[in-house]
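First subunit A sits with subunit B, and in the next complex the same chain sits with subunit C.
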Partner chain A sequence: MKVIESKGITKNYFRKQVLKELTFSIEENKITGLIGRNGAGKTTLLKIIAGFIRETSGKMNVFSETPFNSLNVSVNSIFVDDQMSFPPALQLGELLNEAARFYPNWDDQLARKLFNYFSFDAKGYHNRLSKGKTSTFNMIIGLASRCPLTIFDEPTTGMDEAVRKDFYRALLKDYIDYPRTIILSSHHLDEIEDLLEDVLLIHNGMILLHMPVSDLKEWAIGVKGASEDVLDFTKEREVLYKNSVGMNTLYVVVKNDFSEEALNKAHQLGLELTPVRSSDLFVYLTTETKGGIDDVFNNN
Partner chain B sequence: MQIAEWIESEILNGHFHSDQKVYSQYQLAEMYTINPATAAKGLNLLVEENILYKKRGLGMFVTGEAREIILNKRKNQTLKHLVQELVLEARRLQISNDDLFAMLREKMAEEGGK
Partner chain C sequence: MSLTTTSLAETVKKQYFYKLKANIDSFSSLVGIQILAILFSLGGISSSGMGGSFVNVNVKYYSPDLVLVFTLIWSFITAVTITTRPYRNHDFSFVTSRLSSSLSNILFLVTASVLGSVTALLSGNLLQMISYLILNEQLYNIGSGAEHMVLGFVVAFLYLMLIGACGYLIGSLIQVSKLFVLLFPILFIGLLFLEGVVTNGFIVSNVYKFYAMESVLFLFVGKTVLTAVALFIAAISILNRLEVRR
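Here is the complex of A and B:
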C-alpha cells in the first residue's frame, strides 16, 4: 500500500520555486531517507506531507487524502524537528502526559524509559533545554507516539555522537517491533544509510534518485589509473567526479553500467575499480559548480 | 554483501550445521543496526546460492551442501581473484615468474612448518 503519493507537487515561496513537480510514492512500513543539501527543499516537502503547509500546485495524498486540514492525517502522523512547539507553561513530565492523551498508539512505558535514560527532569521546561536536549526530547515524543507515519526532519541537530547512535538504535529496535512508515531527512547519508530501505535524493527542488539503498551503493563506480587509460575507459559517459592525483593519475566516477567483461578488461589494464560510497556519490551529484572547494583557493 | 559473508563464515567455522536454523532478518537487523530489508537481501542471496533454504513460516536453514558450496565459491572467486592480483602486482614490479614461485614456495614452507 502506498502511504504517500505525490503527483507534480510544486511549491513557490514568493518568486522562488522551492519544489518543482515532484512525483513519487512511498510504500507502507518502509524507512525512507530524504537526502538533500541545505536548501534543497526537504523541509518544505515534509511539511506538505504532514499537512502543515499547502502546495502551490499538484496533488499530495497521504493515507489517500489531502493532508492539509485533515484530522485523519493529523492523528496518524507526527512531524518531528527542532522547532516543535509545546505549551511553555507545562513541565516536561506534563508534556508526556498530554502526548499520551493525544496519540492513540502512545507507548508510555517507552517514553518514560527513554526520558529517564537520557536523564531528563520531569519538572524541567522545554524552552530551557539545550539544542541537543531539545532534539532528544522531541525524538522521544516522535518514537513513543508510534504514528503510522513518522517524519523526522533533521532529528539529530545538536545531539552529540553518543546520543545520535542511541537514537538510531532506538529507532531501529522500535521499528522492528512496531513497523511503520518512517521518513528521515538528513544531509548525513553515511550516518543513516544502514537504517534505510529506500533513499529519496532531492536537489534544487527536484528528485535526483529514488531507489533502494542497496542499489545506490552499486549505482556508480570509481576508476583510477593512468590518465589516458581512465579517459579511454570512461569516454562517452557522463563524468560525475574527476580528480587528478599526482602527475599522471586520474580518478573518475561514472555511472556503473559496464558489462562484466568490460570491467574485467579494465582491471587487467591495471585500472583500479572501486565502489563509490553513497555519501560521496551524493556530494558529486549535488555539486553545483564543476570543480570543488580547491578551485576557490586556486588563484590561477 | 557483508551479512551474507558473515553467515558464510559462521557456517565454515562450524557455528551453524546443516539443517540448523540461522538468524532471522530481524535478529540480524538488530545485531548490526541495519534495516531488516537489507538483512533479508543478504539472506536471500544465500538462498539463491543454495547455501540456505526457506521453510515457510519457520525461517532459514543451512542446506546439506552449504559448506561445500561456500568452499568452492571462495576457491573459485576469492582465491582466483587474489592470485590474479598477485600476478598483476608481480608484473608491475617486474618480478620474474621464477622469483614469484620462489616467494610462494618460501611462504608455503614457512606456513607448513608451523
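Here is the complex of A and C:
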C-alpha cells in the first residue's frame, strides 16, 4: 500500500519556487530518509505531507486523502521537529497525558520509561528546556504516539552525541516491534544511513534520487589511476567529482553503469575501482559550484 | 501500525478539555481584572445627594456595571489571543483539523463567557456586602431575587459571547494580514468622529441601539445569538485556509 503519493507537487513562497513538480510515492512500513542540503525544500515537503501547509499546485495524497484539513491524516500521523510548541501552562508530565488522550496508539509505558531514562522532570516546563532537551522530549512524543506515519524533521537538532545514538537505537528497536512508515529528514546521511531502507534525495526543490540505500551504495563508482587512463575510461560520462591525487594520478567519481567488459578492461589497465560512500556521493551530487569553499577566500 | 479513525465530535471534545487546561492563564487574568473593577467600584459607581437644614441624604449606587464592562474587554482580548499563531500551533502538535480547532475555541469562549458573566454578576453582591460590612453604608437593595439574577446572567452571557465573537473574527482577520491591526482602530475611531458630525446618528449609535436598547428579551436573544453565529462562521471560514508553522 502506498502511504504517500505525490503528483507534481509545487510550492511557491511569494515569488520563490521552493518545490518543483515533485512526483514520488512512499510505501507502507518503510523507513525513508529525506536527504537534502540546507534550503533544499525538505521541511516544506514534510509540512505539506503533514497537512500544515497547502501545495500551490499538484496533488498530495496521504492515506489516500488530501492531508490539509484532514482529521484522519492528523490522527494517523505526527510531525516532530524542534519547533513543536506546547501550551506554556502545562507541565511536561501533563503534556504526556494530553498526548495519550489524543493518539489512539499511544504507548504510555514507553513514553514514561524514555522520559525517566533521559531524566526529565515531570514538573518541568517545555519552554524552559534546552535545545537538545526540547528535541529529546519531542522525539519521545513522536516515538510513543506510534502513528502509522511518523515524520521526524531533523530530530537530532541540538542533541549531544550520546543522545543521538540512543535516539537512533530507540527508533530502530521500536520500529522493529511496531513497523510503521517513518520519514526521517536530515543532512547527515552517514549518521542515519544504516537505519534507512530508502533514500529520497532532493536538491533545489527537485528529486535527484529515490532508491533503496543498498542501490545508492552502488550507484556511483570511484575510479583511481593514471590520469590519462582514467580520463579515457570515463570520457563521455558525467563526472560527479574529480580530484588529482599527487603527480599524474586522478580520482574520478562517475555513475556506475559500466558493462562487465568495461570493468574488466579497467582492471587490465590497472585502474582502482572503489565504491563511493553514500554521504560523499550526496555531497558530490548536490555541490552547486565547481571548486570548494577555499575558492571563496582566494582573491585571484 | 494499523490505521485508526476519529470523529470530529470526539476530537473537538478532547481539544476542548485540552484548552481548558492550556488557557488557564486567561481565567487568572479574569480574576485579576474583576478585582481591579471591584476596587474602582468601591466608591459607588454613581451617587447623588440632597439636603436641607436638618437632613442630608447621600445616595450611592453599588452595581457590577463596571465589572461587566471590564469583563467585556477581557472577553474581546481572550478571543483575539486564541486566534494568534502560538495558540494555533499548540493545536497542531496533537490531532486537529482547522475546523475542530475553531469549534473547540468557540466552546472555550462559551465556557469563558459563562464564567465571566456569573462572576461579574456575583461581584455585585460582593460589592454590596463590602459597602455594608466594611464601609458601613446603609443598604437598600433594588432589584433582587432569582428572576432578576437569571435575567442578568443571560443578558451578560450574551453580551460576552457577542463581544467574544467579534474578537474571534477580528483576530482571525489579523492572522490573514497584519494590516488589519492598523485598519480596525482607524475604522473604529473614524466612525466615532463621523458620529459626532452627522446629526442623526451613524453606524455606531444605530448598532448600539440595535443590540443594547432592545427591551424584548426574545428579540434580544435572537439578535445576539444570530450575530454571534454569523461572526463565528465567518471566522471559521477564514481560519480554514490558514497555513500553520510556516
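Just so we're on the same page, the second predicted complex is superposed on the first by the 295 of 300 C-alpha atoms of A that agree within 3 Å, B and C clash if a C-alpha of one lies under 4 Å from a C-alpha of the other, contacts with A are read in each partner's own complex, and residues count from 1 in each chain.
The rule is simple: a contact is a pair of C-beta atoms (placed from the backbone, for glycine too) under 8 Å apart; a residue touches a chain by one contact, two chains touch by 3 or more.
Small disclaimer: the values here were computed from a predicted structure and weren't measured.
Peer 1: After lining both complexes up on subunit A, report clash or fit for subunit B versus subunit C.
Peer 2: These partners fit in the superposed model.
Peer 1: What is the contact status of A:Asp280 with respect to subunit B (first) and subunit C (second): first, second, both, or neither?
Peer 2: Once the two structures are laid over each other on A, A:Asp280 reaches no partner at all.
Peer 1: Name the contact category of A:Asp229: first (subunit B only), second (subunit C only), both, or neither.
Peer 2: So A:Asp229 meets neither subunit B nor subunit C here.
Peer 1: Taking the superposition as given, does A:Tyr178 touch the first partner, subunit B, the second, subunit C, both, or neither?
Peer 2: Only subunit C is touched by A:Tyr178; subunit B is not.
Peer 1: Which partner does A:Ser214 reach: the first (subunit B), the second (subunit C), both, or neither?
Peer 2: First partner only, subunit B.
Peer 1: For A:Ala89 in the superposed arrangement: first (subunit B), second (subunit C), both or neither?
Peer 2: In the superposed model, A:Ala89 contacts subunit C only, not subunit B.
Peer 1: Is A:Asn76 contacted by the first partner subunit B, the second partner subunit C, both or neither?
Peer 2: Second partner only, subunit C.
Peer 1: Counting residues of subunit A touched by each partner, does subunit B or subunit C come out ahead?
Peer 2: C
Peer 1: With both complexes overlaid on chain A, does A:Glu65 touch subunit B (first), subunit C (second), both or neither?
Peer 2: A:Glu65 contacts neither subunit B nor subunit C.
Peer 1: Determine how wide the angle is at the CA centre of subunit A between the CA centres of subunit C and subunit B, giving a multiple of 10 degrees.
Peer 2: 150
Peer 1: Quick one: smallest Cα-Cα gap between subunit B and subunit C in the superposed arrangement, Å?
Peer 2: 16
Peer 1: What does subunit A use to touch subunit B in their complex?
Peer 2: 30-31, 168-169, 172-173, 176, 194-197, 212-214, 267-268, 270
Peer 1: Could you list, by residue number, the parts of subunit C that touch subunit A in their complex?
Peer 2: Against subunit A, subunit C makes touches at 1-8, 11, 14, 17-18, 21-25, 86, 89-90, 92-100, 240-241, 243-246.
Peer 1: For the complex, which residues does subunit B have touching subunit A?
Peer 2: Residue list for subunit B touching subunit A: 1, 26, 29-30, 32-38, 41, 84, 88, 92.
Peer 1: Looking at the complex, which residues from subunit A come into contact with subunit C?
Peer 2: Per the stated touch rule, the residues are 13, 47, 52-54, 63, 69-72, 74-76, 83-87, 89-90, 94, 98-99, 101-105, 141, 146-148, 178-180.
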